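These notes open a run of structures that come right after.
In the two complexes below, chain A is the common chain; its partner is chain B in one and chain C in the other.
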Partner chain A sequence: MVEPAVLSVDGLTTEFRIAGKWHAAVRDIGFELARNETLALVGESGCGKSITALSIMGLIPKAAGRVAKGRILFEGRNLPELADDEMRKIRGDRIAMIFQEPMTSLNPVLTIGFQVAEVLRYHRDLGPGEARAQALDILDQVKIPSARDRLDDYPHQFSGGMRQRVMIAMALACQPRVLLADEPTTALDVTIQAQVLVLLAELKQRYGMSMIFISHNLGVVATIADRVAVMYAGEIVEIAPVGELFDRPTHPYTEALLRSIPRVDRTSDALVAIPGQVPPISRMPQGCRYAPRCGLKQPICERAGPPLEPVPGSGATHRARCWVRAGGTGAAA
Partner chain B sequence: MTAVAQSPDAAPPPRSAFLQLVRAFNANKTSWVGLATMAIVLLVAIFAPLLATHDPVEQNILDKLKGPSAEYILGTDSFGRDIWSRVVYGARISLWIGTVSILIAMVVGSVIGMIAGYFGGKLDILVMQAMDVLLSFPSLILGLMVVAMMGPSIGNLIFAIALTAIPPFARIARAPTVSVKERDYIEACRALGYSHPRILTVHILPNIFPEILVMGSLWLATAIRVEASLSFIGLGVRPPTPTWGSMIREGFENILDTAWLSLVPSVAILIVVFALNMIGDGLRDVVDPKLKGERGG
Partner chain C sequence: MLQYLVKRLLFAVPTLLAVLTVVFFIARILPGDPAQVILGEQASAEAIQALRLRLGLERPLIQQYAGFMAGALTGDWGSSMVTGRPVLGEVLNVIPYTIELTAASVILGAIIGIPLGVWSALHRNRLIDYVTRIGSLLGLSFPAFVMAIMLLLVFAIQLSWFPVISSGGSGSLGVRLQHLALPAINLGIIMAAYITRVTRSSMLEVLGEDYIRTAHAKGVPALAVVWRHSLRNALIPVVTVVGLYLGILIGNSVLTEIVFNRPGLGKLIVGALTQRDYTMLQGLMVVYTFVIVVVNLLTDLTYGMIDPRVKYQ
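Moving on to the complex of A and B:
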């Protein structure tokens, strides 16, 4: 890992205004994304996965939200500091994003061919003919069957899986260096999910692209990710290479999350659920955010939030935000 | 048991605007009648020099107030001018003023409405309040004020009618913009880095254009009525240029003896307004979700 990171996020805090007061939706997020690496962000709904992605894209709605602190370094520039029109040149060109809902993410009144070609016309200044030819090429690459005949079809003539392929084609049209995939397979059938995941991995390899893969499906993450960052209540609570995380889950939340996956190879009557709820954004506990639901809670956990520290016994690549299991501050059993 | 369940997304109606239009027109046959009528009126206006039997402004005092005859198909007015020729040429003026003013109102109103709806916030409130103020005047009164201040001429008439028609277009453009801008595909456009003008014109406009078009056909009828009304009270195009409104006014003086002087241009206005409303009804079926699915079953 001598190569510098493609994207590095440091101390990112994004806040939203609720009833006139600013509350942090994500706090002190930090990670580095190497070339050709896939980093998975996992966590339950509302833990800040998507907010992290939108912050990187500069798509936090200005009326209600802001990136309050932190740096997002990409190609030598700090993204939150860029002017709108500079950020527009990066979005869709150097950093692209695909969304969860393929059914509604394409404009219903424009043809597939037009929408894919438009990306190239906009970012690459291509003429209509050239853009159309390249659009056809990229649609072939995402394996749309007989793409040539389907250029002039409208989105409603495509199935969900095919539409997600079109979305991927649009995102990859300009060969971005970073792809943010926000639950790209959640809305698809399981068989289609697998196809799309294989396709993403293949294209990532071909373009030498880095990917941030957002999901709440740990099974999907295990197949596609190189590293995993587990998020809880707006913070990264554990980050580790994918094998290490599944072998040695360190943070109690990661542990509980892995326990709650239904397994086909074990007989069990009930799913294991994590008791309690995620605290609301406006009433975060003072100490560790997971403490109210944690079985290993110590007095210190309720007094101060733990830092993200290396886990004892593994290299610096495995870090967790826990007083008890990482950091080695006295309380360790 | 082997029947394959149709997936819920399998059969939304074709979104090609043109196909939708044809389908709606077929469901509502009277709109084809309206369209055909307007096509004939348009042809009459275009080929007015060929269809007119006399110069529309040439006076022939000896033949004044004649009834319909072989030489004067629809008779003559109090200056001995041929009424058929004047009605035919009048179609040009009426359609021209109506169309141009509505096109201006359509463009300006849509731009205002879309910008207000898209950016929202204080701008939206301010602009739409201003539109509401304009809208509170009946279009005839507002047109009257403008022409009275600026003097009667074709240009001022177009300006006055356009001004009265801008607020409804702003409203009709704003409402769907507000809902469309929240859709996932507009969010996806932002993620692709598209600029605001591009999102508005390429991605939002095609989605809301049918609504604007319906409004256009209905307001074209209104524009022609307002033009006729202003001409009738003498604030329209200056004589002797023939317009339907001024012809009704001139005929009005002799209405008890020679009713056809007013009747002929009145019928012309009636036909055009009727035809435009029939077209508008057909178009509305395309965009009114309440009517969708009820017809053509």
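Moving on to the complex of A and C:
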């Protein structure tokens, strides 16, 4: 990568307090996000995808959570070190986020015109009139039909897909450098999903934005991502360019995940599931977190957690956290 | 909207009729005889009989009922059995005092209760929150008349800031407010205690909503998140409680009016009850029912002002 990364996360560990003890919900997360790149974070519910995004946004609830370790470098600054108000100025302006639930993520008592314009008023110091004019422009760009007449409508007057467009408009109003999209299409039906994905890709291109796209839908990821990071139990277990990941899944979890996608072109109607369960946050295994469910388990796997290391036979861009299949030590053990 | 109003008011008519019927019969079932009460223990049987005849109490019950209903509907609420003065006039005389007291205590309750509830919610499980919660619990559990007497002892008798007998005051606004202050504070504290608790729990719920997270993600300053994004959403349960509580407040105002010796509906109704003043009692019940109907209607209309999703039809 010649260009410096727009966002670089290194050794990020975010902890939550459960019954008086701190437990890491995500551990040692590291990745770099290049300009214009889309990085997908995939994994099952509770694996720490959203926590990673909320940590970047500085939105981990203070009462019970904290970013315990690691750096999040953005525009030359380490975000976890910033004061609340400095972080607030970055949120919604330089880094924006859209959420999974369009039905509940908009304020029901404020008009959508107000909610979009508000971002511009706080970050661009625009007066109400000017902010409203720009809000209209951005609502047009996300293709809200007859946006001018709908500025004073309330969220409940919009369908789910339209609300997600409003969310996107709010997130993009200040043309952020990084967009965090947390399952933006999961709550939508399939045709609307496709429309929203196309819209996101289009706008990303237009603004030269980088995107972290969180999903558990591997089909969606295959169409939108440049690179994919697979997360399991709070760790990135494999990261690779999208084609490479689908062609050569290396971590046994990635492999199992890909195998479990139901396919319409096969007659078998049995779903392939991964045996066992994700360990609870308070009882993480000593060694590799996937070891209890892994078919390739070796003695070392239960003793120590493997580092994220390059996969033999591919460039440094493909890395996996596996004693058996990645790094130099695996073969020896 | 107008259609909705008319519909709601029309629905109130059967409610009023039902209440009138119930009140009429309950009054007749109550032990005691108005004629006996008016004339006293020593009255002769003949005198009582004569008075009963004059008051129309000797007519068959059904006839009395028909006469009463016809009167109530045509606006003729009869005259007090005790004083002989028209019921309607008596009620209209004291109603401004009651409205004044109720309005003042609701306003006071909201001014104290809403910010306190918000504050408490924002400092959940911290010292401030515990102090507020204990304070509001005390406000709720303290009987209105006990607090009234304490207020009188301290502010009227020890400090002499306010009159001991809040006759309602007349003339200048200053005098009126001075007479209003202690009774309004008395009821306002109770109101504030309720409002604080509801605001707190409602705010806590709203602060956990997805759209509040969205507001933070947009970089909205914390104060604006609280006042613009959260409070309006949190107000609906508060309005409900204020509406419901207005009914209780009118009940509490009975005790307050007696302790402070202030004119009002409450004092009137206690007098009517002890004297078995059937006509007065009936008239007052009509007024109370009407007040509750109007308060409920206002509550419903307020929902629409707060929440754009509420539609009237």
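One rule holds in what follows: the second predicted complex is superposed on the first by the 329 of 333 C-alpha atoms of A that agree within 3 Å, B and C clash if a C-alpha of one lies under 4 Å from a C-alpha of the other, contacts with A are read in each partner's own complex, and residues count from 1 in each chain.
Assume a residue touches a chain if its C-beta (ideal position, glycine included) is under 8 Å from a C-beta of that chain, and two chains touch if they have at least 3 such contacts.
All of these numbers come straight from a predicted model, not from anything done at the bench.
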> Taking chain A as the common reference for superposition, should the pair chain B and chain C be classed as clashing or as fitting?
Replying inline: clash
> In the superposed arrangement, does A:Ile192 touch chain B (first), chain C (second), both or neither?
Replying inline: neither
>> A:Ala147 in the overlay: touching chain B, chain C, both, or neither? Say first, second, both or neither.
In response: neither
> What is the contact status of A:Gly160 with respect to chain B (first) and chain C (second): first, second, both, or neither?
Replying inline: first
>> After superposing on chain A, which of these stretches of chain C ends up overlapping chain B: 58-66, 148-156 or 274-282?
In response: 148-156
> Intersection of chain A residues contacting chain B with those contacting chain C?
Replying inline: 57, 59, 63, 85, 88-93, 96-97, 99, 101, 104-110, 118-119, 122-123, 154, 156, 167, 170
> Contact residues on chain C for chain A in the complex?
Replying inline: 124, 209-211, 213-222, 224, 228-229, 232-233, 306-309
>> Can you tell me which positions in chain A touch chain C when the two form their complex?
In response: 57, 59, 63, 84-85, 88-93, 96-97, 99, 101, 104-110, 118-119, 122-123, 154, 156, 167, 170
> So in the complex, which bits of chain A are touching chain B?
Replying inline: 57, 59, 63, 85, 87-93, 96-97, 99, 101, 103-110, 118-119, 122-123, 154, 156, 159-160, 167, 170-171
> Mind pulling up the chain B residues that touch chain A in the complex?
Replying inline: 7, 9, 12, 14-17, 121, 183-185, 187-195, 198, 202-203, 206-207
